[in-house]
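For reference, the structures are reproduced in the following blocks.
Paired with chain B in one complex and with chain C in the other, chain A is shared by the two complexes that follow.
On to the complex of A and B.
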């Protein structure tokens, strides 16, 4: 059984470069990839520009954002000991999205970097609000309650912003942002998100043993030396950095943080520490494959990646329900 | 006594000449040259605000109050309507302008109530634009700017270069990676200015999607953006991508004004002229 799990994880790891190859081969223009590789980064040939400046950063961003969302989802489910938890539950995604919406709403920014930076700030503020609302030494259930309250408030503000959008154009901008996209992104977005995702991953790496201890219960975790505020804060801000920066560059992409840890949990023997990295790997793979699907869809309007991940996520829950009913009837 | 009779006769003669001249003036002048005009259409709003004396305008749509659409100063006395019949009735306008689409119910209701509603056709190509300008002139009279716009358009179309395979290629990259193909006014402006619209050559009819990859692969000599570059917008993210920096640095770009999209009558002539000049720069000959 253990060997099987390792084989599946190895297969997943091997699938990532293959998916990367599929992503680099997908696009509206047919290019000679070996020739573009030989031409190199600085070449002016169309194929080289398309490969190095358009397809590669997009694929790398899909991996980065997918990994961050998977990582954030696994950490959230581990900390709250709730398999239905995801980064959106504590308002991380909503905080980032609201900040982005306010930028788009007022449309007064001439520098493109302001939007992602404010989105990251929005995610951090949302987490800080949840933490303050839950109070010192809050239990998982109180954190969830505080998160639901903050998330509901942020969602209401987003609805209000949509309601009073100054123009149809602003409204469309907000809606498209909420659907997520990797189109037209370049290395600047990758370089913007990368340090924040790495900081978040580092925070979560340092809290892996806390998540393991927490799986035994809060009292046990406390007795094992994981009491106090330090570790929960580390997890929360780790999620805020990783997920907030992802939302900042790609908009809100749902379901990855929820579905991926579910899929990976049996493969890592319910270990929350190992689940983090397995979810990061699977999240990266899933989002990259979803983007390959987007790239191969022809139409006047771009198919938004958030819509694709929602279509993947919803049937997964149907399957979970059917599986649960089957097991109950046995 | 005779002297007074002569003066009276002279005065009668003068007054009858004046009456005849006045009648002639009334017949030849547009019916609404002195009228109070209202509009139920954003494009008509902007035309009125730019070309008609402010005291003749009684109402325009609320959209014209928005900075996003406003192209001319909005006089304080002008009422901003939301295309509701009951808003315009108390204003008692002599003429209500409306577009081909939109505000249909309000315009029908006002028409039924006896107000004079004139539907000005929309313009989706150059022929329709000429019809629109003619229709406006017929309704509003010989406004100097309107007349100038019509004759300038005709003159530019007369001197437009022949469509040829050797013409420089141009491609429109609009919001959300939308491009304009065959059958659109933007396509006609490009081709009449002496460019080959690469989107149309790719078989795009009306609107289509163009990715940055296609822009790089097609290598247009002129990249045409659409709309304002003032503020950041996700829809215009493609324009800011580093792969297009070379186009911007070498000046191989042109930006279509936003009003071309919602009121070509105000912008088409200037756009055509500027595109022709841009072509001269690219081709390097008159």
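On to the complex of A and C.
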């Protein structure tokens, strides 16, 4: 099992550069990658500009966002002791989305980084409200309940904003944003999301043993020295930073956080601490591959990556159910 | 090795959902003694144990670990001093048994190297007669097998205080006796062992000290012979009983309802 686990993680880590290469060579025009690399960062040959300023940041962003979503999903499932939990459950995504919608609504999108910054703030506020609503020493089930309530309220506000959208154009912007996309993103978005994702990952790194202890339930975790409010707060805000910042730069991309930990459990075991890093790696790989698919789909309108991940996610659940049925009948 | 660590509580009170579950409980748990906390359903046994283990906060009264106030001991240190097994502990994920046992070593973090950790885990599995289960996923174990794995998790840290809530409830007779012998040995080695028990014959046979609760209050405490009198058992449980000595060993038998 141990050797097996290492092999799988190594394979995943090796697959990442290959997927990266596929992403760099995908796009509407074909470029000479070796030549563009030789030309270097500062060259103004069109191939170099496409590689260094368009395709590379997009691929890096896919890795960053995918890793954040995978990490957030694994942490969420660990904390709620529920394999069906995903970061969106605690209102992280809808908090970020609502803030983004309000920005798009007032047409402030031209001011570059205003949207992502406010979206991160939205995610943090949403999680803070869930925490306050759930109250002191809340159990996992009460946190979920508070998350569902906050989520429902934020969705209502989003519906209202869409309803009164000032123009068809604003409406279209909002809907496309909600579908999630990595198109037209540059180094600005990468640099904006990176520190927040790292803060989130650091928070989750410090809570990995809490998540392990929590496998036994809250009373046992508390007797193992993981009682009190500190650890749940660390996990919640870790998720808010990592997932909130990725929603902020790439829109709402569903299913990665839900599916990836499921995919990794049979491969690396069920330990929630170990699952964090495996899911980050697999999330990065999956989103990068989904983006390669997007880049190689022909059409007048670009396929949104949120739609692609939903098409990966839903059949995955069909498969889970069929597998469960088959095992039950054996 | 670890210093012996007696526990002393004084006027412990606890309310949950506007109900007083512990009412001015004062009692001692000696190091080197096996203490049973007994009482009918709802008497407050589990609440008292989780209070002692620090899993239930906000109790008024005084709780001493050795010569220190429990409140002055950090959560991390407390976890190294007290090992606690709640009445119900269901693993959320299907890890293999030895990984579950190793969770009992979390309070020590990296201060124990992995070779040493593996040795401790296999020793704890031996103690509960579960070596053959070590590679099995815990969700595939029977209730009694899982309980033995959880007991190994309790023992693996070699904490000076062991607290277990109904540890033998799901076990067959052989494993119940084996379990009580294990706790007996742990107590004889100088540990403070505290068990909530429903099985009064087992309590009479193996324990040095009994704390009897009724409706959240302390009804009696002392040696089994002193606590398990027909009058007190009849009054608290509503059952006829007899405490007798046979071949120099205490024996407790129950009869009809009062």
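What we mean here is this: the second predicted complex is superposed on the first by the 324 of 330 C-alpha atoms of A that agree within 3 Å, B and C clash if a C-alpha of one lies under 4 Å from a C-alpha of the other, contacts with A are read in each partner's own complex, and residues count from 1 in each chain.
Everything below uses one rule, namely that a residue touches a chain if its C-beta (ideal position, glycine included) is under 8 Å from a C-beta of that chain, and two chains touch if they have at least 3 such contacts.
Predicted model, so just to flag it, every value in this text is computed and none were measured.
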Using the overlay on chain A, decide if chain B and chain C clash or can fit next to each other. fit
Classify the contacts of A:316 with the two partner chains as first (chain B alone), second (chain C alone), both, or neither. neither
Which partner does A:188 contact after superposing on A: first (chain B), second (chain C), both, neither? first
Between chain B (first) and chain C (second), which, if any, makes contact with A:228: first, second, both or neither? second
Looking at A:214, would you say it contacts chain B, chain C, both, or neither? Reply first, second, both or neither. second
Just checking: does A:205 make contact with chain B only, chain C only, both, or neither of them? Give me first, second, both or neither. neither
Considering only the touch criterion stated at the top, classify A:114 as touching first (chain B), second (chain C), both, or neither. first
Between chain B and chain C, what opening angle does the Cα centre of chain A see in the overlaid model, nearest 10 degrees? 150
Going by the contact rule set out at the top, does A:153 touch chain B (first), chain C (second), both, or neither? neither
Considering only touches as defined above, state whether A:81 meets chain B (first), chain C (second), both or neither. second
Could you say whether A:269 touches chain B, chain C, both of them, or neither, answering first, second, both or neither? second
Identify which of chain B and chain C touches the larger number of residues of chain A. B
Would you give the minimum C-alpha distance from chain B to chain C, in Å, for the three-chain superposition? 42
Shared contact residues on chain A for chain B and chain C? none
Touch list for chain A against partner chain B, complex: 27-29, 46, 49-50, 53-55, 103-104, 107-112, 114-115, 166-167, 169, 172-173, 176-177, 181, 183-188, 251, 299-302
Complex contact set, residues of chain A against chain C: 1, 81-82, 137, 209, 212-217, 219-220, 222-228, 265, 269-272
Can you check the complex and tell me which residues of chain B touch chain A? 66, 68, 175-178, 207-209, 211-214, 216-217, 219, 230-235, 237-238, 240-243
Quick one: in the complex, what on chain C touches chain A? 50, 53-55, 57, 75-76, 78-80, 82-86, 88-96, 99-100, 103-104, 106-107, 109, 153
